[in-house]
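Sharing a structure with you now.
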């Protein structure tokens, strides 16, 4: 409000119009108001809790949950509440992480398609964007569960489709209405040393990455830093695998004799798929528009210059347009990532055990409401802070590139 | 671009296809692959909508979807509300187009008239939704006590009637906006009732109008001027109060609203209530006073860091504890509080964006004229910044409108939540679950799509006028 | 200077507004739902018969009862296509209104989720809750709730598609079991399966609108809920030509459902409880909505029941409350027949039959 500090008068103004006084007094007043507001709420809270005999302690975190969590066999009703919170955090993270990957890929594809010269692709992408971004994500999640799993083409669990590669009896894909199976790894030795080796590999890869970048800056040779870094990590993991005594093996999914249990491999449940894909598609419609806008914001001269250099359509996008468009698109896209992570809180609509659904169940089963919600909000704030931190780093780096 | 394009002969279908579908081998391949996929999707959708779907669960419960458990014998209030809103919409649109015309005349430009057809084209999704509602209404054997076609016609008549304010002379422009505001408040109160503090908004609008309508330079002494204007404002406010005492009637409070009506009203209320707080927060965040900035930033980041559902839970289960024992808020009131607090953080960021987008020269020009900082803010910065954020605010409203579907998770019967009571009825117990979901999804889509079109148009117009 | 004038304008207007709103009672132009239910709390420790500050007074003053119900439970609380609440639980809300206010329609129905019901009761948002709420020790003790006469004895059952051939819980090892969140059903399920050492996967849903497609689609292999609900969905699924369903014989929990009021308000609790019990007594006497008004027999007990004189005095109920209840809503049998057989449940042999027929519907004598 008092944005200006220019005082042209020579004579000192009366103290109530003195900008320095106003600044100090204004801040004190604001702080006092906020302080008293918070104290008022806190006082009421304590008074009401005392009156109703509600505890404000977090001791319930170590008491048993008394319920099971879908698809978490190791979690039993005697597991403490804090373990439930961890499961919720893990599931929220998984849905958010894979949702972000899906949203980015689909969003990029849709954004580019929206600018395609091919009429059909262009219109299909437009239809997709206008449909998905104007329907509440909650409805999309519910709808996805219906369309794909409940009324969809897949068989029930005991009659799962099992696919195996020709010439191998190992199943590599199991599809049904319930839990999908894909190959995974199973631990047969001590993995600790392997993780150490892998961590060393990652550090080495970063060093190599830096080195390639410096080489590129100095000599202009193609850096191939992605290839190099991947190669280093791969080399470390292969060597590490044998050096540490082959601590794990590939495990293939298999359905038990009684057709009830999915053993081995990596199981993906329908709730996770519904939440991840539905939110991925919803967010992709927003990201698609961001990318489209960013590409349009690139001066057409860039495209023409690329044409003049006889770059192919793909090369034009890959080397000229997208690198520039990404710089414009990244900040709003990361905002969309944040939204996606927050929207995983709708997982309860697909019976997915993320932190909100678990908190809700836990409250329904008699856990203290206030503390449970505070923990839940803290979890989301932590996720948001991490994403905001990434956004800040990205913004910083973009600024450096900016000329 | 299109204006300067030379007139071309209409291409034949083959030419068109070659240019737009098969312009290179890559594009052709994509076309050939995607065409059957898209055709199959379209086939399945059409098959479902026109052949397989059993729409009876929707047609029989159409009123339930629209107004939920709102008392049926008070239904006339909703109809009156729709008519008032239509009139307000007409008056607003008329005033808006008239002031655009004035501005064009002042600048010596020709004013291109918008057409009703144009409005229709922008709102086609909404028109389609209303068309479907009308069609469904005719399928319902019991039907409503009013003729829905007549209602739609009356709405159109009211809107057109209101639009005629554009023929009023120029000095009534501000009155047009005042009238729009009062009609909106009235439309709201025809449902919620005219009792309690309901007269305050109307009283405020009219009092401020009266205050500013009396020109200060007519008086010699500015204290007398201030006194007269103040007296006029107070008299108007008291008159309004008196009128409200006379018409004092109890309506149907929002605790009894549900269905699509609740969805729309809750989103509108939340954004209206969030705006003042959001504005203050935005100004505080841009302030040079560190304490204000920290408080505002802390609040905004805290709220933006958590999902709406967490705040709704807070509202439902914790808000009651934060207030004294005597205060008991209903579940919808608590939801509205939670949604307003949530939205205010986003509104603050939008307004901050608008403030930032303003060139610094504007403020400096104000300073050069010797204006005090608050005056610069009020006269120069805010009018421009707020104008610039209108499209983003519409966007925020759309997202709020979509987010209001979360109310169903806390057991409030908004548009999506009505499905649950429909499917508990003996006839539709678990029947046609997909149909009702499709209907609801389409309803959300129709509104959100129309509003997003409108926001894009506003954005274009603002960019052009800049 | 201008700013000062504006400030003066605003403060003057605010003065006017506060002065004028002070005599108004509301704050936001809406009807207050609860009839000043907040006063329940200070009803604590009030003596019997002394109804000072009781919800009863508030209800009579407001001439309306706010009744918390379920809006999505087939047979018990449903909103029909005319927007009216109907169902077994809903009718008992009407019973209370008929008894206390003399008009069965003076009820404001307040839909509640499973999670929100006890907070709503504690906060006094509702006067009375009849929302298929199981009477348990912890709820009675910790939730500040006072459970009254059980109107419906239910129990948790398990439904599977008949084609699976499963007949007992042990068959469901490692199966996906659909259940609603935040209910005793979920806890019972876990407790029973844990006790027997059966592994299972709960699929926790918010409401039946989502649960049923999951069950029918085969994502869940079994559905657990109160037996009355399972019966309702069994008949509904089979009625639409769906797969044949099988409800296991074993009922693995006790679910006594009835009206609930806030703790510490004896006058109100008594009034509600006796109003509800009058329906069972009328059934026992053979009185129903068609004949109670024209009763001309000589049974002094029945005459007393109808005239109400001695009965109603200490209960804070009007003398004719029993007649009002039965005439306007019906006796227990009529209420039951109106809603429950349609779910596919029969009265014969169920605990909800009258005690003379071997059921559990047994009320203290009205004398």
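Each chain carries a letter (A, B and C) given by its place in the written order, and its residues are counted from 1.
The rule is short, and it goes like this: a contact is a pair of C-beta atoms (placed from the backbone, for glycine too) under 8 Å apart; a residue touches a chain by one contact, two chains touch by 3 or more.
These numbers come from a predicted model, not from an experiment.
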Least step count from chain A to chain B, where 1 means the two chains touch: 1
Centroid-based (C-alpha) most distant chain relative to chain B: C
Mean-CA-position distance for chain B and chain A (Å): 31
Averaged-CA centre spacing for the pair chain C and chain B, given as whole angstrom: 38
Separation of chain A from chain C, taking each centre as the mean of its C-alpha atoms, in whole Å: 42
Chain C: positions in contact with at least two other chains: 41, 115, 119, 206, 213, 216
Per-residue multi-chain contacts in chain A, two or more chains: 51, 142, 146, 151, 348-349, 360, 363, 369
Two or more partner chains touched - positions in chain B: 317, 320, 325, 374, 409, 433-434
Complex contacts: residues of chain A adjacent to chain C: 51-52, 66-71, 73, 76-77, 142, 145-146, 149-152, 155-157, 177-178, 256, 258, 260-261, 270, 348-349, 351, 353, 357, 360-361, 363-366, 369
Contact set on chain A toward chain B in their complex: 1-6, 23, 26-28, 30-31, 34, 41, 44-45, 47-49, 51, 116-121, 124, 130-131, 133-139, 142-143, 146, 151, 313, 342-343, 345-346, 348-349, 356, 359-360, 363, 369-370, 373, 376-377, 380-381, 384-385, 388
Residue numbers on chain C that touch chain B, as the complex places them: 1-3, 5, 8-9, 12-13, 16-17, 20-21, 24-34, 37-38, 41, 71-74, 77-85, 109, 111-113, 115-116, 119-120, 123-125, 206-209, 212-213, 216, 232-233, 236-237, 240, 342
Touching residues on chain B, where the partner in the complex is chain A: 20-21, 23, 26-27, 30-31, 34-35, 38, 283-284, 286-292, 295, 301-302, 304-310, 313-314, 317-318, 320-325, 363, 367, 373-374, 376-377, 398, 402-403, 405-406, 408-409, 416, 433-434, 437, 440-441, 444-445, 448-449, 452
Touch list for chain B against partner chain C, complex: 60-61, 63-64, 67-72, 142, 189, 192-200, 203-204, 207-208, 211, 222, 226, 229-230, 233-234, 237-238, 241, 250-256, 316-317, 320, 325-326, 328, 330-331, 333, 372, 374-375, 409-411, 413, 419-426, 429-431, 433-434
